[in-house]
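What follows is subunit A paired twice: with subunit B in the first complex and subunit C in the second.
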Partner chain A sequence: MRIRPAFRRLAGAVLCSLLLGQSAAFARETVKIAFIGPLTGGISAHGIGGRNSAELAVQLRNADPNAKYTYELEAMDDECKPNVGVQVATKAASDKSIVAAIPFYCSAVAIAAVDVFHKFRMPMVVWAAVLPEITYGNDYQEVNRVSSTLINQNKVGSKFLVEQGYKTWVSIHDTTDYGKSMHKYFAENLPANGGKLLAEFGVGSDQQDFTAELTRIKELNPDVIYFGGLTPLAVRVITQMDKLGIKAQFQGTSGIFGDAFIKSLGAEAEGVFTTYDMPPVEQLPGGKFFLDAYAKAGYKEGFEAYGPYAFAATSLLLDVIEQVGPDRKKVIAALRDTHGKDSIVGKIEFDDHGQNITPMTTMYVVQDGKWVAWGESDYASGKRKLKNL
Partner chain B sequence: MDIAQLGQYVVNGMMLGIIYAMVAVGFTLFFGVLDVIKFSHGDVLMLGAFTGYAVYLGLGALGIEASWLQLALVVIASVLAMAGVGALIARFVVLPLRGAPAFNTLLITLMTGMVLRECVRLFFPAGSNPKPFPRLLPDTQWAFDGFALRLDSVLLFAAGCAAIAGVHLLINHTRLGLAIRAVAQDSETARVMGIGFESIVLLTFALGSGLAALAGVMNGLYYNEINFGMGLLLAVIGFSAAIVGGLGSIYGAILGGFLFAALQTLGAVALPFGSAYKDVFAFAVVILIIAIKPTGLIAERSSERV
Partner chain C sequence: MAAVPNDLLTVVPRGARPWLPGVLGLAVVAVLLGAFFYAESEWEVGVLLAIAAALGLAAPRVPLLASAETAWRARPRLFAWLALLAALGLIGLFREEHLALLMLATALFHIAACMGLNVQFGYCGVVNFAGAAFFGIGCYTAAMLAGHAALPTALIFVLGGACAALIGCVLLVPVLRTRGHYAALVTLAFGVLFRSFMEVNDTFGGPQGVKLPDMTLFGWALAMPPEWFGLDWSFYVNYALLGLALVAGLFVLLSRLERSWIGLALDVVRLDETAAATFGVQLTRWKIFAFVLGNFLMGVAGAMYAVMIAFVAPSSFTLGDSLILVSIVVLGGVGNQWGLLPAVVIVMLVPEKLQFIQEYRFLLYGLLVIAILLFKPDGLLPRRLRRYGTEEAA
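This part shows the complex of A and B:
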């Protein structure tokens, strides 16, 4: 029997497609997740560090032969601007191929965009933003957070400084939701801890000149200047404090923690005190593992303050997807049910608002160009002294 | 508030004012000679500051340690480089749009500024972080009971005044200035009289941009910190100062610069609701002044533009 050429070609095509189909069944299904953070602009060092860390978690998982899926991380830039954040969150949430998100360094962006995740029923784990209202402001099942709220650090920080012997404070904060909330919890807790707030100065989040505010502060002569805001502003305030001859001790918050702060200030950073919700990376349960993996991955940027949290948030999310499959509804339920889960930053325990409640607030001071945990510093042992004591 | 405090506020305000005035003078120059608004002016200032910083790093690598030499080279390199950049912007961005509506020039220079800003952020090593600008001036300080006067502030203020006075002299008392004024007044007639129109425009842009570079380096020396976004707000403030003073007039630009600084300081100090609203206050007053006197405080006389 003679087979007609056209038929022969058809048969060949069918055979080929069968073979291809066979091999596709062996490959793992690809699952997409989104990372959102400030990848451009003044805060981008933190955003890029977080993205690298999240990417690292994804790479490690993809290299794991036991993983059920191949993961793809789509990094999106919110520029630390609320309007842009809402746009990219909507873009991620409305894309059905993206299962879940690891969003937000900036609190002002996060608080503007949480509604989007609720509306589109997209599960997410916040990796850095610390404003309490992100988790506690609503009752959204979709919204979880591995990083702490800013409440605890403001309680602990001023209490500690009062114990060191400081009495009077002046607060400078930026006028975003983040800065205002920092100031709110600081001002609430200070009197109870025994300190006195002399004055409060709200400043623009891109203000350059602080000489007018600082001249007023010089007149008030406080023991400590409390600062609720992010790195670029803190750098300017400290430089200008020095120029005007203000000798007050500087108390920062988690917003200034990271290498970028010390690199920008140089020697002037010495003795700056801050609270930050994580012990030194080396002391974290998975700290060494994370440091090694990050170094091996060869990123040229540092992971900055919240990189380990971005890694932990991403790993947690991938674990949940492995467990229940890439289905938004199931992931939402399974994420909320996270209790006592081991991660590189310690046990993750979500309360009924999806907030990680494992307390990890640690006091830091800059010593010889490095952030050193208070207990291990020369300041604690009495070799060096904080200002104004 | 005692007299020492008041003096401190005045000194702070003067320093802000001289920097604003230098930016405003640039806007006024460009508008005077070509009737354009060059919105990349603030970013040229930022680029000037970063050029100065890069030169400083380079000198450090070469082992040149004398701070007066460093300062001189930083200023010269940054001013020359930005004069070049200004001329390039004029040649390739502003002049080709000469026949188009003024709005297009405004937009294209705004975009040029964004390109400069993002280039510094992306291509300068760790460009998105604030950079510590070196302290090249002596840090002598005189303190009188709560009032601190720093020698570096005095020097910077003097340098700013000298630069503005120099531009003024150049325009009013030299042949080059005469040519610039001729082009500003009537470019067609100037051309007929044998003045090279294009080269005068390029020179004017180089002059204004060099001034911006000096302002950028001064800004860095004063605050000891520069960042890629510093030009943005300075441009808006400098532009407002030029408008409120009377666009096209150098005296107007100076007046506008100091007025804006005074308003900001007043807003931060005297308003009961605190420093958060000082920019709102300053800009609101500027809007009010423009509404009452649309030509600016010192109105441009068409015969004496620039």
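This part shows the complex of A and C:
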């Protein structure tokens, strides 16, 4: 009678080890990492998309028989509020079983909570928040970021258009933090690249009528109108530009990128130029792999704009843990030492502030009702021409 | 505490140790609260919530629990002191748990803010749906003064309250002239206005918010881990103690206020304005008093909270946050300071403890609040009517 349960247990163990391929899998230590993003509230779609992508990276790693550890992702909700962000960051950082974190979509939350990670000496890789000060505001060894700051797209965009032969600009931007920061870095970079800013117009993000601003712009007659703001505002500005007969080329930023922009404008969108901080997902080095894996995992929600970054940040972190073990101090040092590391969003190269400086900014132009990467467009090959050239 | 009703006094057990069930009850509450902070897994939190719900439902029916309540009511002062001791004990127990202390301090600062709302809502009947805005004014005052002026921290806390009270005066005329839904709308509008104003105003940090430096209160470095009794402490101990001191101080102040003729005047204004006016109670004076005092308290709580979080941004002071403050007051029982304690646990700590169900946690928390209001429409601990003649006996 006594043999039976023991036998059953043995048989079970043998079966399990057969199933898992190797018995070493038993000895794998569990390592926890935290994901922080807005899982509830107005922009929860982005947070959930990021969470799914990070979870996907963890699942793929756990399925890998060569992985040294079994990983567990603890997702936390910051509600896009700084005070809640500080709270969940404290929760993650003071939990000694959690080795590192993949935090923040919202810049305001990130700015508030980077101090917590520094205080508790917890390594982290920001997956989405774009404000430059998150990495450059302090000298924190713990803080790294795979997503770009909004500086780069302004540098790249203005430089490129100057090279195309444009000389004069006028800037319209909304007065939210996003629009103001966009304008700030645009205005800083334009003169260095050889362009001239004739005038600047700050407008409310829900302003309807731009006749006053556009009439003045028509007088100034710039080659290009730079626009720092989001899609709905851009649509109104372009429609009214056409009515007033302004012929300037339109230069947008990441805020107008997306299908909604083209749908609202129809044919008027043709030839609009913008910069966006990611090449088309299909063109990313591991883009196809990511798209397939995400589809296979069967998530209900899309991965949204920053999902690939969340995936890349998580994979990078897991690689580092595999390499140096689940020790916060070692992970901090090894993360900062990331140079030329392959990821699905391209090579990751951290500077001395942990900012990924691999330029991912891609130029897009609207061609026949679609956003087309500049290099593949008829505009680059010379078949079509941007306005005012 | 409300005055002790006659009928309850007579039930006080005349045995040798009438306070014993009360002490036991308090111990049970403290242990539950402590366990709640420690609980991490789903089932631990679930079991604790179930125990708390069962105790709450059974309290009026089980003699032992009921006598605990009676004992509390019979010796309010003794048990207030014991509750303070229990809170200190919990803080000592959690001395190294950063998150538990942060949550405890957050809860305490919100209790203090809700005490301000209680003065307006519960005592005088002045509605205020802009609680988060006044809390926020306190936060921003602290941020601005800490960043740009060399003032002692204690003064910054007081000025946080003063600014909230002063800016609140803008609302005096509409609040005095409107009633019911209209008064609610006026304060709602103010709350929305405050947030938009902070977002467009670069001087105050704009939508991105501002950071606060580390502060020192009378030589006590708040952001450093203290070295008391040769033990390791989390630096959040400082804030938990600060919050406890604030809540305890306000508790004494407001209990005395409630029992005084001022509290009586406020009650009359709330219950029947016509009657109050007929008896020569100045409606305007007492409404202004309650509104300004309440805003002051919210401002002070906000200033302390901002120093702890070390960062303020407009997105922390939305309409939703104002509603959270109101729901703490309503859930606890309008006008009863003790009610704030269980309410703040449910409104602020439960959602944090439910992080493991991620995006569904607010759903569950919403259901919980609805269930409580269905079964206890007057809140968890409704305020008792005052009765005169028994006060001296207590």
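Please note the rule applied: the second predicted complex is superposed on the first by the 215 of 389 C-alpha atoms of A that agree within 3 Å, B and C clash if a C-alpha of one lies under 4 Å from a C-alpha of the other, contacts with A are read in each partner's own complex, and residues count from 1 in each chain.
What we mean here is this: a residue touches a chain if its C-beta (ideal position, glycine included) is under 8 Å from a C-beta of that chain, and two chains touch if they have at least 3 such contacts.
All values derive from a computational prediction rather than experimental measurement.
With both structures placed on the common chain, the touch criterion links A:Ser44 to subunit B and to subunit C.
In the superposition on chain A, A:Glu219 makes contact with subunit B only, while subunit C stays out of contact range.
By the touch criterion stated above, A:Leu197 is placed in contact with neither subunit B nor subunit C. Once the two complexes are laid over each other on the shared chain, residue contacts for A:Thr175 go to subunit B and to subunit C alike. Using the contact criterion defined above for the overlaid structures, shared-chain residue A:Thr211 touches subunit B, although it does not reach subunit C.
Look at A:Val235: by the touch rule set out above, it reaches subunit B but stays clear of subunit C. Judged by the touch definition given at the top, the superposed model places A:Gly245 against subunit B, while subunit C stays out of reach.
In the superposition on chain A, A:Val372 makes contact with neither subunit B nor subunit C.
Of the two partner chains placed by superposition, only subunit B is touched by A:Ala260; subunit C is not. In the superposition on chain A, the residues of subunit A touched by subunit B in one structure and by subunit C in the other are 40, 44, 175. If you check the complex, the residues on subunit A that touch subunit C are 39-40, 44, 48, 51, 75-77, 80-84, 86-88, 90-91, 93-95, 106-108, 111-113, 115, 120, 131, 175-177, 180. Subunit A meets subunit B in the complex at residues 40-45, 175, 200-204, 206-209, 211-213, 215-216, 218-219, 231-232, 235-236, 239-240, 243-245, 260, 263-266. The touching residues of subunit C, counted against subunit A in their complex, run 97-99, 102-103, 106, 199-200, 206-209, 211, 234, 305, 309-313, 315-316, 352, 355, 358-359, 361-362.
Partner subunit A is touched in their complex by these residues of subunit B: 1, 5, 8-9, 12-13, 15-16, 118, 121, 126, 128-132, 141, 143, 146, 148, 150, 223-225, 227-230, 232-234, 264-265, 268-269, 274-276, 278-279.
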